[in-house]
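These are the structures in question, set out in turn.
Common to both upcoming complexes is chain A, partnered first by chain B, then by chain C.
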Partner chain A sequence: MSRRHVVVLGAGPAGLAAAVAALEAGARVTVLDEGERLGGQYWRHHEAITDRRLQHGWERFERSRDRIAAGIAEGRAVLLQRAAVWRVDVEPLRLHALVGKPDAPGRRRVVVRGDALVLATGAHDRALPIPGWTLPGVTTAGAAQALAKRDGVTVGTRTLVAGAGPFLLPVAQSLAIAGARVVEVLEASRLPRHAAGWTARPWELAAAAGKGLELAEYARSLLGQRTPYRTGSGVVRILGERRVEAAVVARLDRAWRPIPGTEREVACDSVALGHGFTPRLDAAIQAGCALTEAPPGSPRFVVADPDQRTSVDGVWAAGEITGIGGADAALAEGDLAGRSAAGTPHAALAAARRRRDRTDAFARRLEAHAIQDGWSSWLEDDTLVCRCESVEAAAIVRASGSASRALRLATRAGLGACQGRTCGSSVEALCGERLGLDARPLLAPMRIGELLGGSEATA
Partner chain B sequence: MRVVVVGAGVIGAASALALARAGAEVVLVDRAGIAAETSSRCEGNVLVSDKGADPAVRPEAELAIASNAMWRSLALELDAERGDGPATELEAKGGVVVAFPQGAAPLTAFAEGQRSIGIRAEVVDGAALRALEPHLSPEVELGVHYPDDAQVQPSLATQSLASAAMRRGARLVLAEVTAARMRGGRIVGVETTSGAIDADAVVLCAGPWSGEAAARLGARLDIRPRRGMILVTTAMRQRVFHKVYDADYVGAVGSADAQLQTSTVVESTPAGTVLIGSSRERVGFDDRPALAPIEAIAAKAVRLFPFLAETQLLRTYAGFRPYAPDHLPVIGEDPAVPGLFHASGHEGAGIGLAPATAELIAHHVLGSATALDPAPFLPGRASLAEVAA
Partner chain C sequence: MSPTFEFDGAEIAARDGQTIAGALIASGRASWRTAAGAERGVFCGIGICQDCTVTVNGAAGVRACLRTACDGDVVEPESR
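So, the complex of A and B:
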């Protein structure tokens, strides 16, 4: 049995799977998560309100939750919820967290020590800037879904869902179940490419069985609502005086440039935008983990070896930070990472590796939905790209011509309250350069007073 | 005459402008771009308040007084040239140095010395101090007001200096300097990762990397990095009106102690954020965000402005300050490599000292007139050789 103390950062599918696997391998486990409830974005829920039809693989969630509860009862597991981890040190391994309601005074300052760290910090959903996207009634697809799942609330009564990737389907379904009319679902990727991505390897779709069933379910639910699902289309402008009143929709070419003459107006009171995901890398970057290379504006990921080890000794990674692959991949990667971090030797992990490898097919299909450069052509000079600091597209494009990275930072794009979490990728795409916005010395905002007076250590 | 300026931080950019104005053909070389390092990782201080009147440091005080005046006219010129917005964001908001009860006597003595060399330094207490900074801790009893302290937005100012130089014919080359081109014992250009550049003179303005760069050019220069960390809050209603710092600052900059030192420097920026600095540590080029300085800076800042305890911290950043063993800037021709000129070692004062440094460089390289005394900053000075040996 392992005698290691495995620290898991994040309690979505990857983190929960890692925690359960490490407990099974005999390790002591501490899980830190910023949320009020376990489950991350994928299993976002509210005990009383959540409609079970909105959840997938819920039994797996319940099993994981119960296994961790049993670990706590045995004295082998510690769960820190509402834990804002603001700093990760790896030599020696220490996670610094503030525990408590984010806005309330008196959060506890905690330092967690351990032998191994599994990073399972997940991803933010990404929305590309669009003229009019700051109007009330526009949300990210993830925010719309979170409201529907956790609170049973919709963002409007007639909602346009637009962006790219299969995630748009569960979002549309959640909104429909929560009571909104989904007027259209617009997928920016073109049909031929899109269809090739999803149907060229039907045997792989069958292998990712859960996923195939899920998608079939979504398709049926869209049909039931008579919601058109259009590919090669996107929202290029959102209209309204005080809030969303309509959206201009256009056909997009392969590079996602709007095709002139195809614009039409769609009446709606809300728009949910989701153009894929941005992995939450800041903890991995602070830990010093090597990342993959990618052009500015495209996501980079944590490099992981066959057993989910990162380039840093004692640090593993699982889930969306190692590649956007959905919940099945996150579960399989978390399971493998948790076992490996607990000390299970490589030779004994062959079955876990095979389970993980089977989920790769879905991840590869997601590549068909990758953001294409032409999106910037729907921007107007005064479209806000960085909302925290009110920086317009033209200011960023102007600064991108100079030899000074400092000058691009002087536009303040990405330096506001969200620290580039919302706009960073778009700003870097427009600059044509990585600005290091995802290297955050403070992983979470904190009050200055919370730095004073020492901290409580948990071993 | 062609001059290669190595390093496009504030010292290199200001030197390029001064040389171009005096008629030289300037090639500005940097491996990472304009204001890529120290000049974009600092507070943009244009201070006289931290300059002491002691004989050992008085030359720097005099340089700072002259440079402070130069910045004001330079900022106006750069604004006028740019035309479409502020070129430096110069804010002549003044500084207030404060003392907790036990520190009042040393501070007033320090200020008296400063007045004797022409620095405006007015002792303020009670109502006058609260009128300047109403949110200061009641613990603070006494302060000194320095009306001439100012700040610029350092990256913007550096960019504007470089742009002004380029409008006068200077050329920017993005490349790393790898070696000197020598002829008859004299430097006649540099080898770079983008090829060779011939020159009649080479000015080395590589900030904390000046020692390493000097070695590549066959010279010996003892310049080392000192890490400074700065905390940034979220934007808020303005409650800090000057550069406010405690009197320890002077000790931290001038100190030879390798260990972490901090003194609080608190100020608001035009963006509404509050910058809180600053630590000094000798840790080589380690830019990982360290915990101890962040905690120490936070504690001192809250002691100065109690309201800061409840403000949100958004990020921290670190920069490397170049310093020489005797803590004076190094400006002038290398004693062993004719044609090679140094301009570095400004520690935390490079932004403020840039215009005067550039004037001295134009004097050394081109023989331009200057009213400044170049002697205390020459690379061959005794205090540098003794300590470095």
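So, the complex of A and C:
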């Protein structure tokens, strides 16, 4: 039996699976997550508010939660919720967190030491800038999902869902269940022939993976509402004075350039945008983990070996940070990472590796939805690209010739409150170079007094 | 118990465990911050974008999409 202390950062599907697996292997486990409740994005919930129809694979969640509770009762597990990890040191391994109400002053400073670290920090939505996308009523697709699940609300009553990838389907279903009318779902990609005909047989897109049934259910719910699902289409402008009043929709070519003459106006009071996901890499970058190569504007991921080990000794990675593959992949990777981090030898992990490899098919299907360069042609000179600092597209394009530091200082794009999390990839795509915006000294926002003040308690 | 908080002088009733953002949206508001003169509300919904920040009980920069509404909270809009 392992005597290691495995620290897990993130309590989404990947982190929960890692924690359970490490407990099963006999390790001591500490799990940290900034959220109010366990479950990450996929299992975001509120006991009283969340409609059960919005919860998938819920028994697995309950089993994981109960296994961790049993570990706590045995004295082998510690769970730190509402714990914003702001720094990760690897030699020696130490995670620094602020524990308490989000962004409240006077949170408790905590340090967690351990023998092995599993990073499972997940991803957030990537939404491409569009003229008018800062109007109230425009949210990410994930925000629509989170508000529906956790708060039981929708930002509007007539919503256009647009972007790329199968995630738009659960979002459309959640909006409908939470009470909004989904006017259209627009998929920018022109899906390959074998995946076309979504409205007739959309589950074929993922028939290879366990996602098939779940997606089929979403498709039926779209049909039930008579919501059109259009591929090769996107929102190219959002209109309104003080909030969304309408959106201009156009056909997109293969490169996602709007096709002139195809624009039409759609009345709506809200738009949910999701063009894919951005992995939350900053903890892995701070830990020194090697990343994959990718052109500017495309996501990089943490490099993991067949047992989910990163390039840094004692650090494993699982879930969306090692490649966007959805919840099933995150679960299988987390399970493998947790066992390996607890000290289970490679030879004893063959079955866990096979389970992980089976989820690859769905991840590969997602490649058909990758962002194409032509999106920048729907920008106007005065489209805000950096929402925090209100930096216009033209300023970024003008500065793109200059060296990276000069550019950042000159335009302030990517230097605002969100630290480039929202616009970073888009700014890099427009500049044609990587700017290193995701190498952040602090992993979570904190007040200056919290940074300077007080001693850290050991958790 | 359903918590009630004050926003910009108005009383807002939240459902127990709802975030400040969720409760403000349920009250019919889509925006509660201004940036460069334009209105902003929720964008990412999960604490990433900082668009939704409000001042809570005197502390600025609180993400309304993460913070659970508590009875008696005094919430103020921000501008940046």
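Quick note on the criterion: the second predicted complex is superposed on the first by the 428 of 459 C-alpha atoms of A that agree within 3 Å, B and C clash if a C-alpha of one lies under 4 Å from a C-alpha of the other, contacts with A are read in each partner's own complex, and residues count from 1 in each chain.
To be clear about the criterion, contacts are C-beta pairs under 8 Å (C-beta built on N, C-alpha and C of every residue); 3 or more make two chains touch, one makes a residue touch a chain.
Bear in mind that the values here come from a model prediction, so they are computed numbers and not experimental data.
Superposition of the two complexes onto chain A shows chain B and chain C fitting side by side, with no clash. Of the two partner chains placed by superposition, only chain B is touched by A:410; chain C is not.
A count of residues in chain A touched by chain B and by chain C gives the higher number to C. Rounded to the nearest 10, the angle made at the CA centre of chain A by the CA centres of chain B and chain C in the overlaid structures is 80 degrees. Judged by the touch definition given at the top, the superposed model places A:46 against chain C, while chain B stays out of reach.
Of the two partner chains placed by superposition, only chain B is touched by A:87; chain C is not. Of the two partner chains, chain B is the only one that A:449 touches; chain C does not reach it. Contacts of A:66 after superposition: neither chain B nor chain C is touched. Contacts of A:380 after superposition: neither chain B nor chain C is touched. By the touch criterion stated above, A:263 is placed in contact with neither chain B nor chain C. In the superposed model, A:441 lies in contact with chain B only, and not with chain C.
Contact with chain C, but none with chain B, is seen for A:136 once the two complexes are overlaid on the shared chain. Of all C-alpha pairs spanning chain B and chain C in the superposed arrangement, the closest lie 8 Å apart. Looking at chain A, you'll find residues 416-417, 445, 447 touch chain B in one structure and chain C in the other.
Residues 15-19, 21-23, 25-26, 30-31, 35-36, 38-51, 53, 56, 59, 61-63, 65-68, 80 of chain C are the ones touching chain A in the complex. Residues 87, 89, 96, 286, 389, 402-407, 409-410, 412, 415-417, 419, 440-442, 445-449, 451-452 of chain A are the ones that touch chain B when the two sit in their complex. Those residues of chain A lying in contact with chain C across their complex are 34, 36, 41, 46-49, 101-105, 124-125, 127, 134-140, 142-147, 150-156, 242-243, 387-388, 390, 416-418, 421-422, 445, 447. Residues 8, 32-36, 39-40, 153-156, 158-159, 162, 172, 174, 231, 233-235, 271, 276, 289, 291, 294-295, 298-299, 301-302, 308-318 of chain B are the ones touching chain A in the complex.
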